[in-house]
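Both of the next two complexes hold chain A, though its partner changes from chain B to chain C.
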Partner chain A sequence: MRWNNRLKYVFLLPAVLWVLAFTVFPLLYSLRLSFFNVRIGQEDIFIGLSNFARAFSDVNALNAARVTLIFVVGGVVIQLLLGLAFALLFSRPLPARNVLRTVMTLPLFATPIAVGFLFFTIFYEEGGLINGLLGVKIPWLSDPDLALFSVMLVDVWQWTPFVFIVILAALQGIPEEYYEAARLESASSWTLFRFITLPMLQPTIILVIVLRVAEAFKVFDIPFTLTAGGPGASTQVFSMFIYRTSRRFFDFGYGSALAFLLLIVVLFLLMSFFKRIRQVYQ
Partner chain B sequence: MKRVIWLLALFVCAFGLANAQQYLEWHADGSVTLITFEDNERITVSAEQLGTLFGPGQQPFAGKRIAITVNNSGPKGGISGPLYRLRPAWQELTGATLSIVEMPLAEQLPTTINDLRLGLNQFDGFIQGAWYMGEYVTPGFIIPIDDYITDPRFPQWDPSWWPPALREIHSWGDSIYGTMNDTDAQVLYWRNDILSDPEWQARYQAEVGTPMPFPIQTWDDVIDIARFFNGKNWDANDPDPDNGIVMHFRVNEQGHFHYMSMSASYVVRPGDTVDRCTNNYWFDPATMEPTINSDGHVKALEKLIELASYGPRAQVGWDLGTAWDWFLRGKAIFVFSWGDVGALVQDTDRSVIRGKLGASVLPGSAEVFNMCTNTWETPSEPNVVGNTTGGSWHGVISARSPNPEVVYSLYALMATEPVSLWNVERGWTGVDPGVSIHFLPPAGTASLEGYLAAGWDESDMKFYLDAYYNNNFSDTMLTYLRINGAEEYWRALDQNLSEAMVGRLAPREALNRTARAWDDITNRRGRDLQLKQYQESIGYNP
Partner chain C sequence: MRRRSLAIGYGLVALCVAIIWFMPLYWAMSLSLRRPADTFTVAGLGIPFVHYRPTLDNWATELRVPESRRALLNSTVISISASLLALLIGTPAAYALARFRYRRPPNEDITMWFLSQRILPPIATVVPFLLIMSQLRLLDTLLSLILVNITFNLPFAIVIMRQAFLDLPVELEEAALVDGASYFSAFLNISLRLAAPAMAATLLIVFAFSWNEFLFALTLGTLNARTIPVLMAGAVDTRGIQFWFVAVRTLLAIIPPTIIALLAQRYIVQGLTFGAVKG
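Up next is the complex of A and B:
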């Protein structure tokens, strides 16, 4: 019996070691780095919280935070609205509905790096697909404001299907009896949506927001391939800034501090959402 | 049965022998012909050039393996291509095995530095860009090669082939670390068929009121001509209007290199010394104070922005290849860029302008800023400043490699006169001309026939070689930033240049921001350390 008790720990050991080696250790090592000025070929110098303080006075870090925030808020809101609209549309009887649903999900399976390069050709100003068809020269990637919108557009293209699938599944789980009862009371379509569909979808919508926000804060590959962060720093998102700081400039201390700041912000947001989910269920 | 076994053994031996000599042909006088992979081109290296280490039946490094990092351009691409072409012949010569480790340009330095720092030591050598030198040399990650160069056992090449500026970027202090390979620099290319056309010259005079400033002397001449041609359909290749110039400013790529080359003539004041106001560009060599926001730099950036306005608007999001293609498709009068352009123009699959090319050293400036007196000076002749802008991609040897001699034998073979010429004449190799053996007499020792046999148009080639000779042997040269963190300094500049190019920052503000960023980088990396490296790298004596 005692041996059996111990045996379960033996079986757990590989998983524990895995987590310790590949999650806990890198996290702790990164935390240590964030308190040091790390210079290749020299001793690391302890500098306390200076790396964290530096982030709040660094124009590039602040710009990256601003760009990321616009990207997350703008992108997730559009994805949510479009995903919801498509889910409502495709939950109704439509000709070739199953085929259309499948087509709708295709962008999800594309590799973001490939998507970035694909849209680079689509947005190409001198005769790219869109400008070629329209016969105009819209500066999709050369205008700083439009470039951020273009990056957002690609993210929306790729991730709206995810929102669509999840909400569609939730929609199909709402019992038809609720709607029938409301219709007996002559409720309008808007009333049905406002007082039945939306409240019933609320936990799912919050879950979708949580997942998309967490993912969108980490966005890297699409802006990296599509604009490389430019023009200027107009599409340099936070994770790209961290990557450049750490990996290209070997400023591992500052890069680690930035990564922890991002982690704290995302954790705070997620905890707020989870709190809201708990409230909804209670 | 026995007979069958004997026949099989014979066949295996014959096949093995045939294979062993597949890429080499030894001659009675000791010379050897290297046969390139896939293309089966033949390069003959004399016994003297080959050194004493190699010979028929000798494989001095048999069984050894080395790994070399290089940009990921593939087996037929620039810089990496020659390694693939020569690898089988070198392997047969040495008996060693070469692993070519391709890496994206942006990943090469971080990956190799991490490897060295963590002691993984996966690589024996690196085909590095010149700006990596400080990162590799100062922590002792690479070794000097002076002893190998003079060692008669190895393939022979001569550092005196380099012009002084190129020798400098392959060295640190008094030691040479890099083996001759590529020699990068930027020159001005133009459409000679258009600019030398009397009809266009007459139209220019009629419209502008002055004769076309051709041959070009200054950047103002370039601006005037680009302004005139921009928006006109001066080329019959398509019905659309064409541009005056094409550049590329996709951030985090190579746009900043163009600013450096162009601004040098406004900033670098000629003279015999190296100090704050003479032969200087980046920092005050006494204090490490950035000089990137001096009036000379600001004026240069203003000129660059004006010049860029005579190119396609989309170029702020373009990379190098896209800009080159624009020029090759006959859409721009000017491009100023690396030697690859001259070679690409010859490729009629990609270019419609073969035989129509003009090239020269980058133009000068009518005035140059004195950073000591903070005044503008007007020299009697335009201030022309040569450059070694770019990677000048060349091999260095890891200090952690157990096989440094094997690595050097590869680099040295690539640097021998016949192999180097083979690379330069073909152009697609990414190896650009720059040393005396690449130029035609009297400037050098190369032959016209070699270039013509490789497919060059004679007029294009003469313009091209003249431009590179005049650039590389210019009296005044732009110093190269090779200190630790060069990449980081340049990225800060690149981002602010891009902001200025799209109008989000005024030129002075963009350069002020760059100066502040440079100061932060210097402080973080250690001002004294950076200063010492900067002084060493530009030959400044306090």
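Up next is the complex of A and C:
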């Protein structure tokens, strides 16, 4: 029994120490930086909350926040609707269903940076795939309003499959008897969907939304290669703005403060679903 | 009759969806096989042999470039090391969370704590990592990127392996303990063996995540430790947009993680939802 007790901590300890050293410590370090004016080769100067205050009056920061919010909400809504529709479609008995399903899951692990480049060639105005095929000249990447939508479309291509396979898995977990019982009452297919499928899917849909939103807030790679944040700053998402502030302008204090603001937003989202997610691991 | 045509209709829609989703990957293949002169002149879908004469020249040229080979090697070394080490550190912790009971904090809170490390935006640790690695003189080394990728994937390995151990029947371990085996040997000889498929899947998925990682590779590894994604990102500045090479590199980057993910397909749903939904 004593062995058991010791093993219990010996097994857990390396992982806990690792997270403390490589995640918690860097985060605390970053929190400290956010209260300072950091300049290379100079003493750090304590400036309190000034970095945070600065973010709320910085036009670029506010723009990045707006762009990210549009990207997150727009992208996730489209992915959710398409993914749900595809899952319902593919849950029927179709010939070669598994082949079709496999094709749909290919984008999931495609390197995002490469995906950005790939869609650059697809959206290319002269001779790109879409414009070439349709014989039109849509300025996918050079029109400021359209560019953000194009970035969103790439995210939709990559992540709709996630919504799709997860909801499909959940659909297959709904017992057939529920539908049979309802059919005996000659319920319409809309009624079946509304009163059986949708309520049974609800926990999965909420989980998918939380995971997708948290992931979408991190967006960096795709706009990095697809639009480089442009034209202007129309696709400069928050992570990219932080990266540029800290890496290109070496403004580490301000960069850290911005990163913490993003962290707080995602943390808030996570906390509001904390109980629901925690149940999964009980 | 109506039911039958409806079924055909659904089938056709499903086929269209699959074709649209496959199109970008097909397009990359088509571009990568064209001579530079054919890049923009080939009509419509650019089907090889029909619309143009395909060539493997771009692939041969790209694979001869020393930087590309180096980046492929770097990405491979980093991804293999990070996935093995994340599993090595994560598996015992996962087993402990699945089999032992902790009181303060309770198991589910410990699991949530690990999980939250994975969900929070990585940009928040870019600056401290940059400063710490430069203090340790580890900038532009493979080691720094291995450390980073272990950090991001450790929570993932723990959450997935915890579920794998929970799914194993506990009776076999109990029987071994009754027979006088120690907890450690029950873990080593029974649980680990039974959980081998889940471990393999975790290894593959972590490999793919590490292969795709860009933000930290860009921050920490500029030259010697340049990975495939960083090599790609640099391609525009130096050579302008050369579509045929971009296409080759795109496929070089995308193919390994995609094939690997297909091998672990049974675990993808579980993996991407952190064990919350069974595939």
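Convention: the second predicted complex is superposed on the first by the 259 of 282 C-alpha atoms of A that agree within 3 Å, B and C clash if a C-alpha of one lies under 4 Å from a C-alpha of the other, contacts with A are read in each partner's own complex, and residues count from 1 in each chain.
The definition used in the following text is that a contact is a pair of C-beta atoms (placed from the backbone, for glycine too) under 8 Å apart; a residue touches a chain by one contact, two chains touch by 3 or more.
Treat the numbers as computed from the prediction; the structure is a model and nothing was measured.
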item: Touching partner for A:G173 - first (chain B), second (chain C), both, neither; value: second
item: Touched partner set for A:F22, first chain B, second chain C, both or neither; value: second
item: First, second, both or neither for A:P139, with chain B first and chain C second; value: first
item: Which superposed partner A:E126 touches (first chain B, second chain C, both, neither); value: both
item: Which superposed partner A:G229 touches (first chain B, second chain C, both, neither); value: first
item: If touched residues of chain A are counted for chain B and for chain C, the larger one; value: C
item: Which of chain B and chain C A:R247 touches, first, second, both or neither; value: both
item: Touched partner set for A:N37, first chain B, second chain C, both or neither; value: first
item: Set intersection of chain A contacts, chain C complex versus chain B complex; value: 124, 126, 247
item: Chain A-touching residues of chain C, taken from the complex the two chains share; value: 7, 10-11, 13-15, 17-18, 21-25, 27-28, 31, 39-41, 43-45, 89-90, 92-93, 95-97, 100, 102, 107-117, 119-132, 147-148, 150-151, 154-155, 158-159, 182-184, 187, 208, 211-212, 214-215, 219, 228-229, 232-233, 235-236, 241, 243, 246-247, 249-251, 253-254, 257-258, 260-262, 265, 268-269, 272-279
item: Residues on chain B engaged by chain A in the complex (per definition of touch); value: 106, 109-110, 113, 117, 135, 138-141, 249-253, 312-317, 485, 487-488, 491, 495-496, 498-499, 501-502, 504-505, 513, 521, 524-526
item: Chain B contact footprint on chain A (complex, rising order); value: 37, 39-42, 59-60, 124-126, 137, 139, 141-144, 147, 227-234, 236, 244, 247-251
item: Complex contact set, residues of chain A against chain C; value: 3-4, 7-8, 10-12, 14-16, 18-19, 22-23, 25-27, 29-30, 33, 86, 89-90, 92, 94-95, 97, 100, 102-115, 117-122, 124, 126-127, 129, 132-133, 157, 161-162, 165-166, 169-170, 173, 204, 207-208, 211, 214, 217-218, 220-221, 224-225, 238-239, 242-243, 246-247, 252, 255-256, 259-260, 262-263, 266-267, 270, 274, 277-278, 280-282
